[in-house]
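This is the structure, below, for whatever I ask next.
Which chain is which? They are A, B, C and D, in the order written, and residues in each are numbered from 1.
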């Protein structure tokens, strides 16, 4: 069982991350990945010109590896990976990449799903969207909280 | 809503497929992928030296696109992609790549999950594993059938 | 006279090969009749009588009472599995 | 005398900036007392009294009755969201 996390201040290339993750596996057959891309429109329909993810130098990286480890411990997976952008992100760019590997495809799906639900509500980032009519801070949505509540911890 | 399928007779590069899929999106924020790798050990524990996926020139490609279309129609997704190897596959090589994109991460997870469950039991392939003590044909497992039965169609 | 190309996919191809051409002295024939005729001709083909061996005519899966016309291709196949 | 570095993350940093150093004429102090003192000093800091504003001491999230020693760093932060 392995888990790793990376806080990425530059570019996040989901294809490259998946290729690297798959290359590092030792025999497991099922890999599920999630890639989150910065949206071009805010939930009120207005264009987003820039997303900024504020982060804390100690708490943010630690929250990522703690959530990856919790995921690896909870499911029958051999490897869990999270790469998360911080700083300024243009619409369409990848914000987050998550992958889980298992001998059993259901476990890989559950692990990636669980990790994303926890990242949405617990990763130590503060998200700010700006557009032509100003900016606002983004909190987890009701859906994010409901998704998180599906899991028993 | 888009869906596409490719029967791949050469090499399948999961990272490249994910990169291409993400590059083709138009604004959707959530991408889930599944990659299935040829296992090195059969379910009886013996080494697998080669996996062969037999296929029919018309029925096999059609089964792939039909399952991709059924997935795209069933979930709130903007794009669904399946790439499936055929022919001889060495242990560790990718057999299948599936991706689904949506504005809602739950829908992307469900779509990829559903499509894999259907591919396991309905894609028109015939799987043959060979190893040091001979070969055998692989059918969907009880787990595959149980996974498929979770969906109401 | 009907001439039909029959092929076999999956485990059954180990025993029956990939393809054979069949000729019937009849004007029409069903998938079930072809299945039965193959089992009569060839002991190894008795496996075709198992219900999990499905059949397609011109690449469309059909039931046993489906008619087959001359020149059509018939595919018998074992249980499928992708992914 | 206690000297404590306080910083603010998320929406509260719009109003309170990123960092300020605070000095207290006391031997010990709790997180809750720092919260109250900030709100007293600065009208904009009343937001810190909302329960959803959490606090970490030396990067570990703690409750309001946690003690803070001189030289430790205290982080107040708004609701987090990743992914």
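Operating definition for what follows: a contact is a pair of C-beta atoms (placed from the backbone, for glycine too) under 8 Å apart; a residue touches a chain by one contact, two chains touch by 3 or more.
Values in this document were obtained by computation on a predicted structure and should not be read as measured data.
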Inset, instruction - Would you mind naming the chains that touch chain B and likewise touch chain C? - result: none
Legend entry - Centre distance in Å when chain A and chain D are each reduced to the mean of their C-alpha atoms: 28
Inset, instruction - Just give me the whole-number Å value for how far the CA centre of chain C lies from that of chain D. - result: 77
Legend entry - Centre distance in Å when chain B and chain D are each reduced to the mean of their C-alpha atoms: 51
Inset, instruction - Can you check how far apart chain A and chain B are, centre to centre, with Cα atoms defining each centre and the answer in Å? - result: 23
Legend entry - Per-residue multi-chain contacts in chain C, two or more chains: none
Legend entry - chain A: positions in contact with at least two other chains: 36, 116
Inset, instruction - Could you please write down every pair of chains that are in touch? - result: A-B, A-D, B-C
Legend entry - List of chain D residues in touch with chain A within their complex: 9-11, 13-14, 56, 59, 75, 77-83
Inset, instruction - Would you pull the chain A residues touching chain B in the complex into a rising list? - result: 13-20, 22, 25, 27-41, 91-92, 94, 103-106, 108-109, 112-113, 116, 143, 147
Legend entry - List of chain A residues in touch with chain D within their complex: 36, 53-54, 56, 58-59, 62-63, 84, 95-96, 116, 119-127, 137-140, 144
